[in-house]
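Each structure below is given as structure tokens.
Both of the next two complexes hold subunit A, though its partner changes from subunit B to subunit C.
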Partner chain A sequence: MAEAKELTEAWIIWIPTIIAFFVVISLIVIIISLAVQKDINIEKIQQPILRQRFLYSENCLAYKQDRVYPGIIDLAKFNEKRLQDCFNPNDKIGAQLVLKTDDYIKTANINPILADKFNFCFDEERFSCSNYTYYVLINNNSIIEPGLLDVALIKLK
Partner chain B sequence: MNKKGLTTKQWLYTFYVVLNVIVLVLFITYINQLRENQKVNQDFLVRDLGLIVDALHASPNPIIFSYVNSVSYQLKIDRESIAVNKPTEVALKKYFYTRDNNININANLLPLTNSTLVFDKNKNILVSLYG
Partner chain C sequence: MKKGTETLTFVFSLIFLALILTFYFLIFSTVATKTVETKIVSLNSISDNINLLNYLRTPTNINNFTISDLIIYSYYNKDYQDLEGLSENIFNKIYLENKCPVWILNAKIKDEEFFDVDSDFSLEQLRGGVRYNILQLFGVEPLRYTNAQISIPSFNQDKIKISLITGCLR
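Right after this comes the complex of A and B.
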């Protein structure tokens, strides 16, 4: 009985010591972690690289005859199925392309679940968005016409 | 003299010393890892390689790109992602690149040790080691 009491008393003395020990160690680790934390943010380079695929790749929109013409869009290639094929992101990236000329406006959404969420771009903690307008030439059945291509990207962080 | 009490105290002191040693070893390992910046290096490497793969997808013409590497990692590239880890580690740092279904990436598990990684993009992308 006395032995058990002594053991309990010893533990009662030691428990705060052990708790204090862990608290101090945790604090040291947290302070060091905060000091050395490095965040590699690639959004600003990743999105231009991805956007340019639409203009440069023959699998996307670039016009090809003997060679690829980056910056000239083949109008026949502007359809969602083809764009989904050449730009097949994971679930975290969506895109909306709008092709404008004086005569028509065409829109294509890639990964529509996210492409519908551009209204949420104000939430910079959860979404990373970018929008860029390219001045392009459009090959419409061998007729070249000027146009604008808006490429908007949205990425879930 | 209460010998039983002394034994209990001795046990508690021993337990405390062992606890200290364990925590000290873990702490030194943690500091060592920070010193070598392993996680940051891995994170940087996998994102850098991932961006290269994304950029190669956009290339309108054939291109060969050499990536000189000076750290030891294991690199795994598949149809969806690039992963980097130490051979002894289980956890992988991954980058999910944006695929082009018309382009295949041919690569397997590659050991990266002071070697040059060569990305050869023609119709498809072939990743191999040089050196």
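Right after this comes the complex of A and C.
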């Protein structure tokens, strides 16, 4: 009888320990899963990186003579076919490039199905949009002229 | 009695461990967010670098100089009128398109500033606007600043540091 009482007492003493143990283990699991599942919004960095490809890559717009000149645009390279190949977007991303000088304005749409949807950028739940205007130099048959290149990107979320 | 003390010590040590882990997690998540934000700002300054680089390469009608030549020429002639006019024309055009009301360009040689030009905009013009007031309410600076810097050699090989600071609307 005394033995049974002692056993019950031992169990009662262990109850708070077991509860605390489970609470702590649950906390540890929650903390680790929160850290592991942390969402990092890469859209903010994805679009500037993609945009810079147009100005840095010789396959896109960058002028090349012996070396590549990032920021200088070869006007002969400004066509939709070439830009589509160099940008190689998936179905979820589109771009519109507008090149402006004092004399002309040229536009190129990449992935036109999406590039036509800039008017829907207000719908931030479905689309992620950004644009930046670069000050560029344009190599037009070896004549250098200044201009502005507006690169607008639209991404389906 | 001894058993009770042991149990209490065990329980408190577990709680202490949980507190340390929570503290570690809070610190980790704050630092990680800051790192990512820093990289985004750096990416924006790459775009400014392209703008600054092209500004310096821009040909002018003055003695067939580029703007970087004109900076050196103006420094030795102590006449910055043409340079100022050209710079204002270029940067006002770029940064109005990008909704960046603030831009400041300066040139230094041996850490001594000899030329600076900036936008006509002042923060006073933003104050009073709805957007400005909402951002202030949440303690957010209404403009996001980035900095780009390029060095060019002058005649006697002293480097001229050209800096461009821009403040764009969030």
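A few notes on this one:
Keep in mind that, in the parts below, the second predicted complex is superposed on the first by the 120 of 157 C-alpha atoms of A that agree within 3 Å, B and C clash if a C-alpha of one lies under 4 Å from a C-alpha of the other, contacts with A are read in each partner's own complex, and residues count from 1 in each chain.
Here, a contact is a pair of C-beta atoms (placed from the backbone, for glycine too) under 8 Å apart; a residue touches a chain by one contact, two chains touch by 3 or more.
A quick note: this is a predicted structure, and the numbers were derived from the prediction, not measured.
Once the two complexes are laid over each other on the shared chain, residue contacts for A:129 go to neither subunit B nor subunit C. Of the two partner chains placed by superposition, A:154 touches none, neither subunit B nor subunit C. When the two complexes are overlaid on their common chain A, residue A:71 makes contact with subunit C while staying clear of subunit B. Of the two partner chains placed by the overlay, neither subunit B nor subunit C lies in contact with A:83.
Contacts of A:138 after superposition on the shared chain: neither subunit B nor subunit C is touched.
Contact with both subunit B and subunit C is seen for A:21 once the two complexes are overlaid on the shared chain.
When the two complexes are overlaid on their common chain A, residue A:58 makes contact with subunit B while staying clear of subunit C. Of the two partner chains placed by the overlay, neither subunit B nor subunit C lies in contact with A:97.
Within the superposed three-chain model, A:108 lies out of touch with both subunit B and subunit C [touch as defined at top]. Contacts of subunit A with subunit B, set against its contacts with subunit C after fitting on chain A, overlap at residues 10, 14, 17, 21, 28, 38, 40, 45, 49, 52, 70. Chain contact summary for the complex, subunit A toward subunit B: residues 3, 6-7, 10-11, 14, 17-18, 21, 25, 28-29, 32, 36, 38, 40, 42, 45-46, 49-50, 52-53, 56-60, 62, 67-68, 70, 85-90, 92-93.
Touching subunit A in their complex are the following residues of subunit B: 2, 4-5, 8-9, 12, 16, 19-20, 23, 27, 30-31, 34, 40, 43-44, 47, 51, 54-55, 57-61, 80, 96, 98-103. Contact residues on subunit C toward subunit A in their complex (touch as defined above): 3-4, 7, 10-11, 14-15, 17-18, 21-22, 25, 28-29, 32, 36, 39-40, 43-44, 46-47, 50-51, 53-55, 57-59, 90, 93-94, 97-98.
Here subunit A touches subunit C in the complex through residues 10, 13-14, 16-17, 20-21, 23-24, 27-28, 31, 34-35, 38, 40, 44-45, 48-49, 51-52, 55, 70-72, 132-137, 144, 146, 148, 150, going by the rule given at the top.
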